[in-house]
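Reading through the structure tokens given below for one structure.
Should a chain be cited, it is by its letter among A, B, C, D, E and F, assigned in written order, with residues numbered from 1 in that chain.
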């Protein structure tokens, strides 16, 4: 993927950190399946499948662990 | 999602931390499938499916790791 | 859920910590499916299904990571 | 389960730590399905199923993370 | 696999770290199935399967945790 | 398993650490299914199944987290 799509793990607060985690989960899919057309087709299927929604939520949870640690849990 | 839905990872005790973890697991689904109507339909299916309940419990476990670390395991 | 069901992550030893981890895994299911009747029905199915038993064991493993860290691995 | 089945997370070396991790993975199944008879029946099925063997290996990996951290990676 | 395919976990920024995480996820598959011919056949199947794309994204998330920690979250 | 199959988590560099992680993933399967004959039969099945290859890659990712931490990310 061209461009600068992940400049930093720093976010202003937990909510923006969570949104970054969701973005990282999508980026992981995008790096594996670069075709936007195919991803769009698949999306219609998986976002109506609760098992896959839970699996997506799990990937977000893993990335949120990383982003939260990178921001020292927004404690500073 | 509009509004301020994740102001802090700090909670008063482990129990509130666990409830926050469960909320984060739901938020992960919500960010992936924003339609409340579709999520409500899916809920009837997945909360009667033990495999999906266990998978949900796993996402909560991952977020609880993050919340517990953010609160220094409520040791202070 | 009413009451005080998670007062502390501190346990006297690793064994009690493991039992707490198993309790947290069940609590994650309970928060997602609050009906005891439905959970009891599902239990008969999943505790005869080795794949779901392994998945349950995985959720316990994740919580045990948290509980063990909270207790500084019972090193003190 | 009666008795003292998890006295410590300390092991003499990585190999004993790995064996303890495998024991913890089995204990997670045992706490969820206490009947030895049922577990024995299920074993015949799952240890011939590569997907379940990989899932078991994953639970061991999670516990090995905990045991390795508890032993400070046997660096001392 | 011959050659020097993983000289360092250090990267200049988060984006290169994420790309390294994706490479590590592929390396894990490659070590298990060394035949490029078989992997190419399988790729056509799995990159059209949203469940497998999410699973791939999860492996990337795990490796990104490692790479991010190795780089001290690019905070220095 | 007899012998000394895991003397140390120390490796000279990330690449050897990754190979150790892959070995640990295999050891987890071996401890659960000790029969080499059965494992060989299963191998033919799972290494042609992309979902299982991704799951194997995930177990390697978990062990690589442990090995990388044990080696202080080869920063020293």
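We adopt the following convention: a contact is a pair of C-beta atoms (placed from the backbone, for glycine too) under 8 Å apart; a residue touches a chain by one contact, two chains touch by 3 or more.
These numbers come from a predicted model, not from an experiment.
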Centre-of-Cα separation between chain C and chain B, whole angstrom: 16
Length of the line joining the C-alpha centres of chain D and chain E, rounded to whole Å: 27
CA centroid of chain A to CA centroid of chain D, Å: 31
Overlap residues in chain B, where contacts from two or more other chains coincide: 49, 51, 55-56, 58, 62, 65, 69
Contact graph of the chains (line, ring, star, complete, other): ring
Chain order, ring traversed from chain D with chain F following: D, F, E, A, B, C
Chain D residues touching chain C - in the complex, by the definition given at the top: 4-9, 24-29, 31-33, 38, 42-43, 45-46, 49, 51-52, 55-56, 58-59, 62-63, 65-66, 69-70
Contact footprint of chain B on chain A as seen in their complex: 13-15, 18-19, 22, 47-51, 53-58, 60-62, 64-65, 68-69, 73-75
